């Protein structure tokens, strides 16, 4: 519903406000690298880069309704295209971007054809096996890819006139590409393609009856989505300066999908929130428990899904309702700095954690009918069509 | 050793791996039948159950007593997981539930590492060492044993799905929870039961494969991918399909790994991918799955 | 309405984030700390004072390689033990551990955090070839020492563009040379089957072995690889058994080592001499297979295995066990990775002691100028030696054979430098 609101928003005041917000965001984005320490700028760069991949995945999953667990493979393809070009042909960095994008677009187009026949779960698992298959393939192609040792390539260097440090320059380059990519994603969604995609997701038969060319749009969605992942991969090579097959294991694909869902499906800024989640939360987990960061990270994913079942992007809209509904719950599961809005919730020291078997707070305030599990801490289902 | 015995030996090895994949695939199919979701944490829950068994044996309990205790603990644990972790996101989009199981995967894996460390554990062998020699082909007792237990579990699940009223109820729940609720089914209980049963089947799988794969927190991580492949190939709602799918995947990857030099052991993981793609292009619901009929 | 709320919230969040960080972080280009005078004038002293040293390590505490994370506990226990005894040359060590989950981008992030925020003296250690390769350019540019990385790839020693980075453990090629020498002496006509992990570790060791036996009667007749993500290596073992080779060279990590040993024991028709590489040779790997199944297995080592009763009365081992009980009670001291961490930390201690200047440059030069330095947990005869043109601290290993319930060392320590000449790219 929010997406419809976005497309239909024509009110003048609203436009003004939107323009102001964009300006503010741009100012913050441009000012950040002069303010933060280099490693924080690096973190922001990673957020932007993942956001591109997530925006692509969002086209497919959020707006197209198809699940892919193989976007790590496209990400890797983009990263390797860039790395191989830099390593063997010594092309400039910028030259690798269109090649990686076009290559992944074509790859996505080729894989989009079988993807047409598969839906839901089956598509997810076929794409997952693609992600599993890619690392050994990259190792096999050793003469080109450098095998399991990977490739070390140069990072883009700031030109002298800019007076910027390396991390700042990289940040601005990635920021520029990300801004273009996000705009492209937004425009794609507002175009015929986007409307067709949403129509297909919401009711395939109805869309077809209305004259939407189903197979064309589904295949194109896959291709666009792969292209975004490839662009993100290309940026990755620029930022890290090193690629190796085992960096692109299926864990990356699962992380991308998790990031997208945590950030918020079918939302325009969900990918940014999701990217921030996958970048910052592992370090936060580590600060909370050095012995087993994984324990905390796993719990945080679950906790965010409890608090924001439609993703962090859907949170602001539901916070007033949700806060009122389960004061005690939320406080115990406050996810991370990303959702600073949650701090409105007063701390409830006695609230049990997500692992505790009983939640007296919810129970007491909300009498339940045993046959209806949905009321137990379940969110209102307004977000989902 | 002749080329034929050689080939048969490889087939036996393939069946051995296939049985391992099938055992976990059964748990995946079970949970999918009950709840309609894919549970990424299934393998990790199985690994956790295996550690429970190991802990019991290590503290002096005889294995054949530890086994039923483990299964009971797993059943209860599975129900508890449903109640605590899954219930709060009931009714949220399906992907949300899937991502919750991803979080559960990461959590359980790290938790096991925290409690039991990553050192390989000495898990008791249920089947004797050695094996049969059939015309020069060696078949380990453990391979036979795993195949046998997998067949029994498959049979039980088949009976449960097709010939009991709870099978019917659970199909109703998986198909359409709200309608099921309207017709008086206690959906919450059915889902808890599904998670409990899947955890139990997973525990059987973990205990079976631990002596072969060696117990450590990442034991089931690799198996999960192949179990997904097996279930996808067989069709996600058929226990027979899961087992047949597992065996096909196991045999196919072993044979191509051993005999097709271009593919070799490093790329053999691509073989199940090709098979699945080929099968799904012809039968999108998998080998044994039933095509979903959607009323538009 | 929906959208404005969201935007406001986002703006508020950004503002909050900015104000929060405003107090804590600034992008200040503070002048690097340098030594004031004397021979060390102008050298960098960030992270080191007269009574402290800051060190930062990056390990996989989460993710698929977390088995190695426990190395950090051995290292931390050593530094705590040393701090209790007054520190290193009067300087107390503060050791910061960060987690990279075995992912290169996280390793870069954490290395930057350690250098820029924690202002460490040196990054000690990074673990794994990918993570190390991802950060060494950065550390080189920042002139931060990266001593004793926890990976045996030979590139750390053969590369000459990164003077700030150096390995520690015998590189995989050196280890391969030890097995090659043993086979050419003991079984000059051996036909060898190789099981190897399909990554830098397996490839490096296999390549080194093939090079070292080239021209001798020893031939590699079959090789099979596996991926770290594979559930098992039984299919590969079945393929290898078809070769009927006399020797099985088993280049695996612990779990797969156990699997390969068990598969070899199960197969009564093929009984090759089983050589298991050092990573998978701990008694902790052999025990689950059953000691009766691993009799006669050969391996090579360079440090004392805490799970081996052979060293129970060794003074260095006693110190280690006692300190582990005291400083790292929640971890298993018998785990070889803990002992590895302890030994490598002790090696760094020696290097820090031998610095001419207490500066980053001093450490960089010290680790490249080690002369037969002895470390308690290293085997007798194994010492740290580096110098001009030799950036491999440990290149000596000792062969051992499993008998009864323990490893028995045999032969003399093999100095691969002497036997095969220096390792070049």
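Couple of notes before you dig in:
Residue numbering begins at 1 within each chain, and the chains themselves are lettered A, B and C in the order written.
Keep this in mind: a contact is a pair of C-beta atoms (placed from the backbone, for glycine too) under 8 Å apart; a residue touches a chain by one contact, two chains touch by 3 or more.
Chain-to-protein mapping (UniProt): A = Branched-chain amino acid ABC transporter permease; C = ABC transporter substrate-binding protein.
What you see is a predicted model; the values in this text were computed from it and never measured.
A complete topology is adopted by the chain contact network, contact being made between every pair of chains. Simply put, of A-C and B-C, more C-beta pairs touch at A-C.
For the pair chain A and chain B, the distance between mean C-alpha positions equals 30 Å.
Centre-to-centre separation of chain B and chain C, using mean CA positions: 35 Å.
Among the residues of chain C, those touching two or more other chains are numbered 62, 64, 66, 198, 227, 229. Among the residues of chain A, those touching two or more other chains are numbered 132, 136, 139, 250, 291-294, 297.
Touching two or more other chains at once are residues 106, 110, 113, 225, 266, 269 of chain B.
Contact residues on chain C toward chain B in their complex (touch as defined above): 62, 64, 66-67, 69-70, 198, 224-227, 229-232, 234-236, 238-239, 242, 254-255, 258-259, 262, 266-269, 284-285, 287-288, 331-332, 335.
Residues 32, 38, 40, 80, 83-85, 87-93, 95-96, 98-100, 102-111, 113-114, 181, 184, 186-188, 191, 225, 228-229, 231-232, 236, 266-267, 269-270, 272-273, 276-277, 280-281, 284-286, 296 of chain B are the ones that touch chain A when the two sit in their complex. By the touch rule above, chain C contacts chain A in their complex via residues 2-14, 16-18, 20-21, 25-27, 61-64, 66, 97-99, 101-106, 108-109, 112-113, 115-117, 129-130, 133-134, 137, 153, 155, 198-200, 202-203, 227-229, 330. For chain B in complex with chain C, the touching residues are 1, 6, 9-10, 13-14, 16-17, 20-21, 106, 110, 113, 117-123, 129-131, 138, 140, 212-219, 221-223, 225-226, 253-254, 257-258, 264-266, 268-269. Per the touch definition, chain A reaches chain B in the complex via residues 61, 67, 114, 117-119, 121-122, 124-126, 128-130, 132-133, 136-137, 139-140, 203, 205-206, 250, 254, 257-258, 261-262, 265, 291-295, 297-302, 305-306, 309-310, 354-357, 370-374, 376-379, 381, 384.
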